[in-house]
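Structure below; questions to follow.
Each chain carries a letter (A, B, C, D, E and F) given by its place in the written order, and its residues are counted from 1.
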Amino acid sequence: MSGPILVINPNSNPEVTAGLDRMLEAYRLQGGPEIECLTLAEGPFGIESQRDSDSVILPLARLVKSRQDAAAVVLACYSDPGIDACREATSAPVYGIQECSVLTALTRGERFGVIAIGQASVARHRRYMRRMGLIDRLAGERPLNLSVADTTKGGAVFDRMAEVGRELIGDGADVLILGCAGMVRHRQPLQEALGVEVIDPVQAAMGMALGRVLAG
Amino acid sequence: MSGPILVINPNSNPEVTAGLDRMLEAYRLQGGPEIECLTLAEGPFGIESQRDSDSVILPLARLVKSRQDAAAVVLACYSDPGIDACREATSAPVYGIQECSVLTALTRGERFGVIAIGQASVARHRRYMRRMGLIDRLAGERPLNLSVADTTKGGAVFDRMAEVGRELIGDGADVLILGCAGMVRHRQPLQEALGVEVIDPVQAAMGMALGRVLAG
Amino acid sequence: MSGPILVINPNSNPEVTAGLDRMLEAYRLQGGPEIECLTLAEGPFGIESQRDSDSVILPLARLVKSRQDAAAVVLACYSDPGIDACREATSAPVYGIQECSVLTALTRGERFGVIAIGQASVARHRRYMRRMGLIDRLAGERPLNLSVADTTKGGAVFDRMAEVGRELIGDGADVLILGCAGMVRHRQPLQEALGVEVIDPVQAAMGMALGRVLAG
Amino acid sequence: MSGPILVINPNSNPEVTAGLDRMLEAYRLQGGPEIECLTLAEGPFGIESQRDSDSVILPLARLVKSRQDAAAVVLACYSDPGIDACREATSAPVYGIQECSVLTALTRGERFGVIAIGQASVARHRRYMRRMGLIDRLAGERPLNLSVADTTKGGAVFDRMAEVGRELIGDGADVLILGCAGMVRHRQPLQEALGVEVIDPVQAAMGMALGRVLAG
Amino acid sequence: MSGPILVINPNSNPEVTAGLDRMLEAYRLQGGPEIECLTLAEGPFGIESQRDSDSVILPLARLVKSRQDAAAVVLACYSDPGIDACREATSAPVYGIQECSVLTALTRGERFGVIAIGQASVARHRRYMRRMGLIDRLAGERPLNLSVADTTKGGAVFDRMAEVGRELIGDGADVLILGCAGMVRHRQPLQEALGVEVIDPVQAAMGMALGRVLAG
Amino acid sequence: MSGPILVINPNSNPEVTAGLDRMLEAYRLQGGPEIECLTLAEGPFGIESQRDSDSVILPLARLVKSRQDAAAVVLACYSDPGIDACREATSAPVYGIQECSVLTALTRGERFGVIAIGQASVARHRRYMRRMGLIDRLAGERPLNLSVADTTKGGAVFDRMAEVGRELIGDGADVLILGCAGMVRHRQPLQEALGVEVIDPVQAAMGMALGRVLAG
């Protein structure tokens, strides 16, 4: 088996990386590729603005370039920052979690909805989905309008997610995407509460990365 | 871990199923899901026409319905026959290899090309890609114009695949898809000969299925 | 004049066929083609699920193949089941009533709305319209959420149709399609009540079939 | 039965109108609507430029407005001149032959090709097809680069049409449209020579108009 | 410097032309092109219907053809009447104010909304935007449902514009277009009231025309 | 009059900035806005790769943020690097030369072609045009396959541009875009040699910026 799958947290918050590490435990199988979670030391503590997102492109590309041993790379921020530069920096496949979550959603429903963290990211995501050539299958994207920090809290967050999820279903969505790298623990409960598949973007990207590595 | 991933060969040729079984060995990891390859007894010996493709829908859906233990289902024929009926028959995720190969290609290039077996399938595939809402990213699909049987043979087949691949690159493709379930052994050599990523559809679907099952 | 126009009711309910026969009386003109309405003996009593729809493909294709005398074929179920297989089975033109109703709607308005029988068919119809490459002109599709049986009843059905029609006009539709083969008697009254053209899909398909046969 | 179907030749060449009259004989059935072919006295002798096409809008709309007895109107020029103004001028359905030919082509193939008279009209037609929301299904449009007058001549014209038709098939078309009101006599021979359905736009529009009138 | 930029008011109301003349004062710079505002004598007093819009095509094209000295032409009616005929009539660039306002909006937001005068024009504008290939970026178009005359009045008009603007923002618009040639004085106040960029179509077209002329 | 229009050369080659300064002389009109050309000191000497393009985002955004006096900003590199971050950094309108050239091309032709410097940028530009929602109007993009340095040379460059331009016209383009900030001197001769409008992207952006500033 070739090198590890690198999962890069583009912000510099090590707790986020630790969370990724824990959630990806399920993908570490004997005989399968190693999964290595990295924190981007140069990243901001959280990525909320366009500037935050753009600020990590060069360090991400450098990090990716320095790890030619990687069998695949996952960029674990929903803005897919630096995806083009990282793809230029390595011949290994590079997976953005937004891209993979949208592609995965298409296998599970007719139209997808996206639960975003904040209003500001909605237009940014729309541009990206249009760039993918896929926006015709978007039922809608709606923000929680909570800060990234809030999303790490408990019940109130879940209730708000369920509320937004129901609005998206009203918009025509029959599959939902969590538009953030750190909401995986809400995936299953939300799925049960709403009765539609809910996709975590990191899991979606990890699945595609793992599959690609096993293809040889 | 939940039930197995079922990989169903919708034709009744057991050698094709055996081939699938061998090629999927790499995806059988300790701690990961079981992968079970099935032959559709009611299927035709090969699927070449629309009628062939439609003839397997009901038996496929019955088979899928009878296996509620499955954690995921992969339909291993490039026409994705019966995908809607199978999705209706089970709450497990169902993956068509055409759908998954196209989605996977979008992570690896700007425009994809498809190497089809025969001319007759090109219009059928176009309808399907338009249905996906993704045809804008198709650079072209071109047929080998060999029979399914021929594709199991050696060097001449490879040479023809490389020729068609080069034409597709000329059409603007920077990633290629093998438009058939039985060409995986040509993937790596073709990739090396042509210098662009080549995607095997069964591997693409298996990657997405495995990733989904591990997501829990 | 060549052979008859076959209108095939893909369900096995002879009353539905008889209704088709009566409504098509207006298209039987002296010097024009014969119109022959057939019941698909092998069909289910009604077509509501994906499975129902798929179950008629093979018998439909067989029936079409056995009638090489037909000048044209109309498939009288809004799901257009088996349209690809039927087109493969004959060189005569084959018309699906969904396809023809949508095409006809484009001549009568800027955006069309579809009154569907049930929620379950909405996603199926959307896939089909996307496959047609025409979904940009869909204002919306909304279900009556009545059973097929209910649609044969009186005033309450009409009131519900008018209610859904008004919602679709609110969605931006300026022409409406009856998304079922058996609602023709509501066409004219609905048109008068709502002030927009209402299209019956069987009439739309019959018009295109008749026109094609007269073209020689 | 209500009033006649008006077929309006927007140029002032009465021979063209006479030709329309003869070719539509097949659509005059006992019990069916009357078909009345009119010459637009104010029209130019032929319509080749944008100006020619625009010059007939007002007289066409006036003529249509003056004939509120019409059950349907067919505009027999491939540019569909004045279609919006005519639709505003009457509540009767108005059919443009370009629009109807394209819609009809979608029932007979995956991608259509258009045989145009001259280069100048290609961009105009593309704008119109984009306006229809249908240009994704256009394989290509290629001009004969003959004058309208030439198209009334014999064998050389046919040979050129076959040549252009073959190029369009090479572009991916599996159904062809004659992009002019006066080429119907070449339809059948071209179809036989090329092996794909060839659609005459006047026949396509007449079929939709007749079907609409019979719907009541 | 070459000839003047002609700004043609296609209606025959000289007050509208005078208003255009005043609002374009800001674009008359020393060393820059002359800007000449013309009234189309043959135009109707106002353009509200499709017929009104079509009625000006020929005189507009004649006027444009007679002014081969023009460096650029701006058609100052939001329906962009006669744009194709005018482009055929001159080799100078011809700018329609609807076209330019939409193109300009794309530089200032993710999705645009259009404030139309009346309901009747909404479908006409949609056809035009689809023809442009741009309708995917339309968030919505909503009518004031005031007459053109009303739009020249004061506060009540502004309040209605703000109301419609807020509805469009609710539809997802982050930039708005004034869908009429005579509302420029509301642009700045509306922008301030709503907090999104508001585009006047005449200014948008004049900017593109001026830029083109200065390019030499 | 408000502040200046900033034209930022994102590479650090002062000769390029000087060239921009000279070519924009025509846009400096008495009474109009000041035009100030800046070199991005932190930029690479030339922008050829994705990494080059991404490397200027943060310094560009900083520069833009530091100049809140600007009435408008033009980013003078065809990759439109940092356009989103710059738009976030200022409330002044920000114009990318690729975006503006494409929008401008739509006013001058039915389908546009792009003459790119190198093959590597073609996919990057396609992603960007798809993101704009406009790729349906692209006839093709073809590279000169010369280095940026070569493009500053004489006759051989022009001959190659004319050759590529003719290929693009063969692809269906009726208007061409120079896909680089430094080719303006070839615009007029190319236009004369090829007989179609040729658009310089810096001029296109400057026109839109100037028009916007004059709008007040």
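Keep this in mind: a residue touches a chain if its C-beta (ideal position, glycine included) is under 8 Å from a C-beta of that chain, and two chains touch if they have at least 3 such contacts.
Remember, it's a predicted structure, so these values are computed and weren't measured experimentally.
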Chain hops separating subunit F from subunit D, counting only touching neighbours: 1
Co-neighbours of subunit D and subunit B - touch as defined: C, F
Intersection of the contact lists for subunit A and subunit D: B, C, E, F
Classification of the subunit A:subunit B interface as same or different, half of numbers criterion: same
Identity of the chain that, by mean CA position, is farthest from subunit D: A
Inter-centroid spacing, subunit E versus subunit D (mean Cα positions, whole Å): 33
Chain centre separation in whole Å, for subunit F relative to subunit E (CA means): 26
Inter-chain centre distance, subunit B versus subunit E - centres from mean C-alpha coordinates, in Å: 52
Residues of subunit C touching at least two other chains: 127, 130, 132-133, 136
Arrangement of touching chains [line / ring / star / complete / other]: other
Chains that touch, pairwise: A-B, A-C, A-E, A-F, B-C, B-D, B-F, C-D, C-E, D-E, D-F, E-F
In the complex with subunit E, residue positions of subunit C that touch it: 109-111, 136, 174
Interfacial residue positions of subunit B with respect to subunit D in the complex: 123, 126-127, 130, 135-136
Subunit F residues touching subunit A - in the complex, by the definition given at the top: 49-51, 54-55, 57-58, 61, 82, 84-85, 87-89, 124, 127-128, 130-133
Residues of subunit D that touch subunit C when the two form their complex: 26-27, 29-32, 93, 95, 99-100, 103-104, 106-108, 132-134, 136-137, 187-188, 197, 200, 203-204, 206-208, 210-212, 214-216
